[in-house]
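What follows is a pair of complexes built around chain A, which joins chain B in one and chain C in the other.
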Partner chain A sequence: MQFLRRFAPLARQRLWQGALTLAAVIIFNFVLVHLAPGSPVDVLAGEAGTSDPARAAALIKEFGLDKSLPSQFLDYVSNLGRLNLGYSYRDSQPVLDLILTRLPATLLLMTCAIVLSLAAGILIGVTAAWRVNTPIDQASSFLATLCYATPMFWSGLMLITIFSVKLGWLPSDGMRTVTFDEQNAFALVLDVARHLVLPTTSLALFYIAIYSRIMRASMLEVSRLDFIRAARARGLSSTAVYYRHALRNALLPVTTMAGVQIASMLGGSVIVETTYGWPGLGRLSFEAVTRRDYNLMMAILLISAVIVIVVNLLMDVLYCLIDPRIKHGTEEGR
Partner chain B sequence: MRRLRKFWFVFSRRRVAVLGLVILAGVIFCAVLGPLLTPYRPWQLAGPPLLWPATDARFPLGTDVLGRDILSGLLNGAWVSLSIGIAATSASLLIGTTVGAVSGYFGGRVGDGLMRFTEIFQTIPSFLLILMIVGIFSPSLGNIILAIAVSTWPAVARMVRAEFLSLREREYVQSCVVLGMSAPRILITQILPNSLAPILTISSVMVATAILNEASLSFLGLGDPNMMSWGTMISIGRNSLRTAWYIAAVPGVAIIVTVLGLNLFGEGLNDALNPRLRAE
Partner chain C sequence: MKRRDFIKFSTVAGVNIAATQWSDIALAQDAEEPRRGGTLLMAIFPEPTTLFSGASVINQVTLFGTKINESLIALDFDFSMKPMLAREWDIAPNGLTWRFRLRDGVKWHDGRVFTSADVAFTMMEIWKKLHPRGIQSFRNITAVEAPDPGTVVFRLAAPIPFLRTELSAFDATIFPKHLYEGTDILNNPYNIKPIGTGPFKFREWVRGSHLIAERNPDYWDKPKPYLDRIVFRIIPDPAGRAAALESQQLLIAGPNPVPLIDINRLAALPHLEVGNRGSEYFSPMIYLQHNLKHPILGKVEVRRALAHAIDQNFVVRNILFGRGSPASGVVSTYQKEAYTSEVARYPFDLKKAEALLDAAGLRRGADGVRFAVTLDPNTAFEQYVRIAEYLRENFNTIGVKVTLRTEDSAAWVRRVYTNYDYDMSIFGTVLLADPTVGMQRFFYSGAISKGTPFVNSSFYSNKRVDELFDLCRTEVDTKRRARYWHEIQRIIQDDLPVIAIVNQEYTNVINKRVRGITVSPHSLFENFAGVWLSGI
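Then we have the complex of A and B:
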């Protein structure tokens, strides 16, 4: 109850912001499609209705393109309200179905990448701060700087070269082995897990670099504070002080950063999924762009914004649970 | 001159910052003079295909599947990457500084509204936005630059806004207001010159980000089809990883080195120009 009272103002503010963002994305989508070169029929129907004039006229009628722009916009919005995101003429199915079949793969990949990057980033950062200015610290700093500058698709290709081509340890393409006996659930999980390793690593490397640097700085800052000195003075062992007191308080900047990075990670998944043929939303958006499937593109942009908003909301709940000091969102967390 | 010497004194104390500057100078040198130094054009089928690096003196970095010289491609790519990076960053700085300055200086409803608008852009995954803009319009040089600028200006706007918010309370600004100076004149001739340091710092990292974005686009086959960029070269090498992984590896190293140089240089700038750190 107390938690709810504390959380309610923040939730209200976030939902308001989210609604505003969605409205803006919807307007943006509408404007973008009407700015696109070529007639709107080509844009919305792809190649389905370009050659035959009668068919084109029918499509204009069907899409309501003969109406005025404002009423077209209202149609678009009311369709969205009924969860009708449009029809993909390239794949001959509703866009929403297409997205929903691809969404789980992306969520799986992103969850793994977030967990890996946080775990590794925190571990490396804490170790570097503990052994500050030693070769371990310098090596981790060097590696982080390097990973921060490495394009995801390139590290992806190099991982494929090493682990798939040269060593033959891990698969480099897709999410499952095609010729696979689906009966055994354990074997299926193992198969997907093997396919997950390389894409997750490629996506996570960049974020490991960021989080380890933030964690290091945050640890060093916290360990200068008075309550740490007090804990030391009480005679606690330095390991206990380090893990029980300093670590907990140093975690907040990293988790905040992880929340901020969700949108960026979704963008990164486009590259990683295309590199590894991972059947997720990122690859779908690449396919949508190369096939000029505008309905699909618009829907993906909208769904991505929804994902970012929802994840940020969940993160806020998490902060409120972790840190009782956070009262409401008037102070923008950085 | 004295300020420049002082800047150099602080800047050169960090060895990695100097390393960044040296790398950057090297890349600029390659970008400007590279096309003149190479004997081949980047798309020219210059020699035998799939020549490994360091096997033929005429092709020090080898050739790709069609026998194009990788070194020529690399030098040409330096020019493409750097010019797109600088152009996109300039456009992004222009949008971001304008929005941030107006929002920070005037504040109130206009300022809040502009910041809301900026936040909306930060909710949309920026690479997805770049992809869509380039996909809907054609993947030409201008559209790529525009797409990168449209998706990266919010970071600038936030930073400039914070800077202008604090600077507008300073006495020298207040006295300009009292003297009756117009708002645009105060913004441009008084506050802007005093917030150049953080803008300069952020722009170095932004060029790096723009280069990464352009490389990703070209890797996906959505770069300008007439230009041999580093991303294009990697995407060419992608199909022959099994037999000739160096085709994809070499341009990647060029990207890493360039981005690394820009990031290190940016860090050095931050240390040397940030007044809070400089006071130490």
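Then we have the complex of A and C:
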């Protein structure tokens, strides 16, 4: 109850800002998407390598591209007002259906990658700080730099080459094996898990590097503060001080970073999903761009914006939970 | 006999090595007894957006559609007609009446009987109205009669010399009248769960992941089909496809499934076969097109000079990695009835190119540059960009400064075919079995149409060429028609609105366990009734 009272003003402020941001995103999306040269009709004809003037004209009319841009925008906004994200003429499906079939795959991949990168990053960072300036610390620094510098598509291809092509341990693409026998729930979970290993690792490597570095620096900084000395002085064991006092306080920067990165992971998943043929939203958005599927592109951008806004809100809640001193928009001095 | 013809012909096309390997395999396969059962894992990329091939000529749509829906006739390797849903036919000597007797006992996947009414409906309501090529190809078919359920008659206003190749599965699969009549055909629900007469039935489409076609147990051509099902796996990344082929998670992929730089590495693997046999229908070529409205490129001497500055053999060797041959003109060597090699040649000779440019009054300036142009490759396939890069270097050495612009395919289409905002453009195209259907659009002055991609956007206009194209459209005498085609090639090769760089190959990568693939010039765009897996 006390928490709610503390949090309510912040929530109100954030929701209001979120609404403004969304309005800006809607306008910006529409302009940006229509600025790209070429239309869906050009793409269709380009893929076919042939076309007929009458067919092209009919398609332009069917897609609603014969109307002026302002009137297309008004149509779009009034559809949004009715919570209608529009229709993908390319895929002959409502945009929302398309996105909903793809969203779970991306959420699963992102969740696994975030959990893995946070767990591994924090563990490595804490260990490195614990054993600072030892070979363990140096090795973790080296690995972090390596992971940070490796482009995602390349590490993806290398993982495929090693674990899929050469060793044959893990599948190289897709989300599950296409089978025709009845599959029990356990086998299905196991199958999806096997498919998850490589894409999750590719996506997580980069973030493991970042989190471990941040965690290390933050641990070193916190362990020099007065309250740690005070805790030691009270005679607590060094393990207790390290994990109960230092770790909890050192987590704050990583939480901030994770919040920012959940948003950017949507972008990173485009590459990983393409490399591994993962049927998620990242790939769908890439295809929407190259196919100039306006409605789909705008819907994905809009939903991504909503996700970012919601995640930021959740992060604020999390701050309040981790650090009870944080109040509505202000942070009282330590 | 036919196979030997093919080898002879493909040697001409410069693909003798691949062809010989293929025929050896084909011969070995003939000796084996087909096995029933198994799942064929096949790549499809990018993901199709519809499964209705009646209004789309996009490769992926046809790749899936041809397993489900069938055509009246099939083609042999020499493009002669073979029975399919029509078991026999009778063509009037003047070419104006085509009568087909249909096969008995053919059923749609939903159990309804297939009749001549389905053929008539598909021709008049789908192909003639909605099919991007059919609208043009079948224009002279004015009426279709169905005197009884087993007979269908096409009435033509003028002969269509290419009707037989256009009636094959690549462009003309038949759809069920009872599900399409009276509906909004383009938004019919069966467009994404098609019903056909083919050896495989649509089972499921999991977006972003796969499509499944399963065995039709009531297929008319028993004991076919041999496979239990075909799984079309959607693998968007070329490197991912190469890895899946290598690790046998994929048994067949094409056309051109992996970057050409990978193709010879895959071909060397013991379990894989890379080949082009069975792709004779498509006649892929790569063109360098000039915008004739450009003040300098508009001069024919300049275009001839540029032609001398292109080493076609270099392109074949180093960019196509041997998967192609130098082009002598704008007709593909695969289009046997039309092709001639007796045209003007522009051998690779940089000195001659420079001399021609000097003679045209385009001398090098103080900075060594004669003039500057832009070059826009279609980025849909990597090799077009590589060729553009090669040309930039070569043209630079003769004093022609080239600026390369690489945009995505949609932007390129808009630039070259709607805005006409380009100097030179590089792209690949399929000329198909007949030049009227596949090649005329680039050179016929009537085909200049703002906003229509892959037509005449060089603004080439030559009265005699137009006249010859008109004659070819209706001429049924093969020899006379060939003479017209030869003249067209000679004129275009003199005028050079387009420099044909290479004949490309449609390469397929196939696991050696997969048998019975190559049964027609349609390659993977066949119905796969006779495909089977050995060593299951």
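Just so it is clear, the second predicted complex is superposed on the first by the 284 of 334 C-alpha atoms of A that agree within 3 Å, B and C clash if a C-alpha of one lies under 4 Å from a C-alpha of the other, contacts with A are read in each partner's own complex, and residues count from 1 in each chain.
Going forward, a contact is a pair of C-beta atoms (placed from the backbone, for glycine too) under 8 Å apart; a residue touches a chain by one contact, two chains touch by 3 or more.
Every value quoted in this text rests on a predicted model; they were computed, and no experiment measured them.
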{"item": "First (chain B), second (chain C), both or neither touched by A:264", "value": "first"}
{"item": "Chain B versus chain C as contact partner of A:279, first or second or both or neither", "value": "second"}
{"item": "First (chain B), second (chain C), both or neither touched by A:149", "value": "first"}
{"item": "First (chain B), second (chain C), both or neither touched by A:305", "value": "first"}
{"item": "First (chain B), second (chain C), both or neither touched by A:24", "value": "first"}
{"item": "Touching partner for A:174 - first (chain B), second (chain C), both, neither", "value": "second"}
{"item": "Contacts of A:287 with chain B and chain C, given as first, second, both or neither", "value": "second"}
{"item": "First, second, both or neither for A:217, with chain B first and chain C second", "value": "neither"}
{"item": "First, second, both or neither for A:123, with chain B first and chain C second", "value": "neither"}
{"item": "Where chain A meets both chain C and chain B, residue numbers", "value": "36-37, 157, 160-161, 165, 274, 290, 292"}
{"item": "Complex contact set, residues of chain B against chain A", "value": "116-117, 119-120, 122-129, 131-138, 208, 212, 215-216, 219-222, 231, 234, 237-238, 241-242, 245, 248-249, 252, 255-256, 259-260, 263-264"}
{"item": "Residues of chain C that touch chain A when the two form their complex", "value": "39, 46-47, 49-50, 55-59, 130, 132-133, 135-136, 186-187, 191-192, 206-210, 212, 229, 231, 233-237, 239-240, 243-244, 246-247, 249, 378, 380, 407-415, 417-418, 429-430, 438, 441, 449, 451-455"}
{"item": "Residue ranges of chain A in contact with chain B within the complex", "value": "17, 20-21, 24-25, 32-33, 35-37, 145-146, 148-154, 157-158, 160-161, 165, 263-264, 266-268, 270-271, 274, 285-286, 288-290, 292, 294, 297, 300-301, 304-305, 308-309"}
{"item": "Of all residues in chain A, those that touch chain C in their complex", "value": "36-39, 42-56, 62, 90-92, 98, 101-102, 105, 157, 160-161, 164-165, 168, 171-176, 178, 180, 274-277, 279-280, 283-284, 287, 290-292"}
